[in-house]
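Presented sequentially are two complexes of chain A, the first with chain B as partner and the second with chain C.
Let's turn to the complex of A and B:
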């Protein structure tokens, strides 16, 4: 059942393109991005190992249940509410950015708000399902889309247009000191493990985390491709001109023999699917965290009937997302995202250490 | 006894109430003539009684075929099921002599397989049970009887392998069968609706089949089979989406060929659901999606068509759906004529008249043909409907709408449960030691 853990990891590492991670890294390509990537990989790996080994001590329990075991309820409620906001934010940024992207590339004359409402309705419906259903949707979504992403990445790396010289020049700036926002962006690739906070509920009691060495390898590969391939295509200077760096990188590729000639469309469709899956998973987790603040809350992984509270909470999320689009523009969105990435890094380190300490304490007590 | 029976039933000429005498004793018999085998009554009651080689009274006591009836309330029921009631010395016995008219050893028609068992289930429960028992000779096969329908009193059998069955599923099926409250029940499809309970459902979550090999295979996987009297079809539950996509021949033919066929089925499902919607979105929203040559040939073939693409799609889909409906309802001989006339002549003419483009005709026929590839009919019907919501969303949002629609379908399918078991998920290998996701019930 390790694949179910890996799906979460893979989903988040693929979605980094929608959170402006490559854009942030590329802004700092001469001033610390490369060394930040190295440090980001290290931090990410350590967090993955700590969190998985901590969670292994609490089989079938989500983060709210674990915290409630040792801490007062009001503290847990505050924490969960804060986390719900974090999760809601992570996904809303992505879905709003994608609504803008559809408007740019697919339907230039459509209204962005209308597009966003369609996306939000679909994600909202999926997010109100039970935790088990959400996990199945994540699995199917990734099994359909991951091969296509890997195909695009493979095509990009093998392309003759890729300038290895440009990549080497940027790589040589490895000696520049790392910056905080770059580390935060780079370590985001590894942050899929934090979804275990909720999905640990699904894992059976005899579950053991295996093949953990895959996570750093896979994450590092994705991170390096994310950062270096656009530089190889657009050159060391030209690459900084784009916000949607990867959409334009995909547009530099051509499928000579396909129905669809431009890789861009394939890429956009696949990322649309991933965005939907990611938003669903994020909203679902945020919803469960909000629900865990309610005193009479009982965790349920596969309730036969969808409770009304699901619809209410996700409805509020959806409304807030539309509001977010109305209130912000791309520039503000990008700025907020880069701050959010930094906050996320610290919150995650905090959660991981907290749960890790609890797991050791629990082991001693038992 | 006969006086009381006369009061229990409405005036009916086919109720036989007789008094028989021989040298020793007098008995009364009562039965409904059309429901009983007259030969059986002769051989087991009238002849032995009148000849009286062996005292009939001790025969009644020793032979287990004559069952003692203590409860007067059961009389009506027994007679309506083709039993003969016998009164001897104030004791009432019942004797089963029912005659069931059914097709003898029917051939599989709905789900045919070229190689594999050709016999289908029978309308008679005993013959069906005979088929299943002989194909599944296991001591663990458990058979439970229920009666459904306050008027039709249809006997319903639930079969399962007692070692392999999932107890939670069994419990929920039992309670469902007990609580069903209807007057009449005649078809497996009716029972399916009652078992599912939801009034509006899109996908079939219970498999209806006529093939005994499918049934025995399901039994060996721990599923529950429900047989209905007077119905050639059995119900298998719980069912998953993949059961509906599985033809029995996939187990009988060569490995690579069947893998290819399964791949073909999934491809055609995707095609039949998305093609009309993709046509609309490519023609009206994103002609730049395809390579230039293809985009030009699509636009060229549409040059004579005077209205937007979705009207074209509606015209052609209306034609093809009516054709399919007509060819199912019509008698077999006229049916083929209807399809020829509709498919060949109308399609060609519609294109030449400039009502639809020639690409649209190809799209329509691909949609129709690939819909028929699905092996189980009930799923094929559900899939037939799925293209319309996608067409709707593609009119307003183009290709991104189609992708979002497909996502919603997947979410809906993953959300479905068939008796508490996930309907659609990727199963993969299960290590029994490790357990499955979502197995733990949190307290």
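Let's turn to the complex of A and C:
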């Protein structure tokens, strides 16, 4: 069962490219990005360890149930509603960014809103399924796509175009003071563990977290590639001019004997899948959190019949996402995302510490 | 109830499909090469030349047909828009794999052009870029005899699928745009000539600074440069030994460089390791001692390398990336200023290490 925890972690660490994480880090490449990455890795690792060891004390329980054990209901409801907004936002940003990306790279004639509606319908339907089904979809999505992503990353790292001198120049700026927005962006890679808040319900009573050292290693590897490979490809100066820096990096690669010569299209297709899977998983979690605010709520992981409330809540999410696209543009979206990343960091630290304290308390009481 | 919802959703999705703006492949003109020149008209400084593929049912040498359209315009983007009015099908840059810059434009300022290329989403970063001499338009008019697909000749000349010439430096758009902005690494491009109506010659390399062409290397220098910067094998080298002409083929080459102080002087030390086989040599060479031959080849190779490096240094460009390495090795704020004052006076030292593998099939 450990692999289900790892899928969540992997999914979020891959999706960072869609949340402008490389863009934010690269903007600050001379002014603190490198040291922020180091700190981000540390923070991420600590949070992963704290949260998993806390969650291990509450087998089969999600975050709402754990909080309800020790705190008043109204407080939990407010908290859960707030978290639902956070989760909704994380995924909406991604799916909106991807709709814009399709418009830019695949078909500039198509209407972005129409594209978004299509994406949102697919994700929305998937998100209304039961928690168990959602987890299985995440698994299938990752098994299909992760090898291709790793292939593209490997190809990029092995490419002769990659300039190690440029990478070393930027790495030398490790002494610059870290900045908050960079730390927030860097630690996002590790944030997949927080999905345990819901998916912990799926874990059996005798579950033990194993191979926890893999999380920091994998996260650090992805983070370093995310940040340094575009710099090696586009140079220390040129890299800052690109908005879709990883799409451009994939476009600089050539698969001479692949079915499609341009790696870009392979890359975009794979990220389309990941975006759909990520949005589905995020909306599903947000939906469950909203439902946990309802007094008569009972957690279920595999209900035979889909409750109507699922459709209503996800429908609202979908509408809000379309509204979000209409109200924002690329620039505002990126700005909001960078603020969201910072808020997320603090909210996550808060949750992790809260749950960790509760888990120790529980141990003493028992 | 649920069945109806499902059917409705499926129908809804189908309805949305009609909204996409896809055009059929036979309603598109595929641009296979784009040439950009400087025109004589001051108000419309750019002359764009598009090589459009004309689809043909036959695939055989010489069957390729292309249509050439050119236009003078005030800016590149407007020119491309305007050209749409000249043709009946939608222009598609998705297969445009070669960009030619006219020599005149490359000698004035290429930054505008580069910006347009980076901004356009349908210009692929893996496309090749080159300078056309005397201008891009006349080169695109050339109709090579053996061409099977439209625009294939130029593209094959650059890729590793067709010919691999040691004289041709291959530059991609993404690499060019990196070099055009990087501190300590300058752009370079192959120069294409035409010899007659049917073929191209690509054996020279132009070195550019951040704005225009500074130096055009001769064909021998281009080959030497490819060996130094790209570790290009499949190339040859000419040398003399006791008055005899020798030509060797390089089977393996590996070069690296160090920047440091030697005898109180800033020096770039290049180490070049090579394994070679004789292609042209006087008979009886097999029985002689190879070591003296290697030594004299080493000396000669080092001499020509230093001459090339000095020439590049004099033009004040840095296509190999010495500046980038210096910046990587010396962290600090003023390192770039420092390097700019060092580079014009830096000394070069080349250590060639040539190993003779054999004399070919005969003694």
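In this section, the second predicted complex is superposed on the first by the 366 of 366 C-alpha atoms of A that agree within 3 Å, B and C clash if a C-alpha of one lies under 4 Å from a C-alpha of the other, contacts with A are read in each partner's own complex, and residues count from 1 in each chain.
What we mean here is this: a contact is a pair of C-beta atoms (placed from the backbone, for glycine too) under 8 Å apart; a residue touches a chain by one contact, two chains touch by 3 or more.
What you see is a predicted model; the values in this text were computed from it and never measured.
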First, second, both or neither for A:118, with chain B first and chain C second: both
Contacts of A:108 with chain B and chain C, given as first, second, both or neither: second
Which superposed partner A:299 touches (first chain B, second chain C, both, neither): first
Chain B versus chain C as contact partner of A:307, first or second or both or neither: neither
Partner chain(s) touched by A:236 [first = chain B, second = chain C, both, neither]: second
Which superposed partner A:253 touches (first chain B, second chain C, both, neither): second
First (chain B), second (chain C), both or neither touched by A:147: neither
Chain A: partner with more touched residues, chain B or chain C: B
Chain C-contacting residues of chain A that also contact chain B: 107, 110, 118, 125, 261-262
Sites on chain A touched by chain C in the complex: 104-105, 107-111, 114, 117-118, 121, 125, 161, 163, 165-166, 168-169, 172-173, 175, 233-238, 241-242, 248, 251-254, 256, 261-262, 264
Interfacial residue positions of chain B with respect to chain A in the complex: 285-286, 288-292, 294, 393, 397-401, 403-405, 407-408, 410-411, 414-415, 417, 420, 422, 424-426, 428, 433-440, 442
Sites on chain A touched by chain B in the complex: 1, 3-4, 59-61, 65, 102, 106-107, 110, 115, 118-119, 122, 125-126, 129-133, 135-137, 139-141, 143, 201-208, 258-262, 265, 269, 272-273, 276-277, 280, 298-302, 304
Chain C - residues contacting chain A, complex: 9, 12-13, 16, 19-22, 118, 121, 124-126, 159-161, 172, 174-175, 177-183, 185, 321, 324-325, 327-329, 331
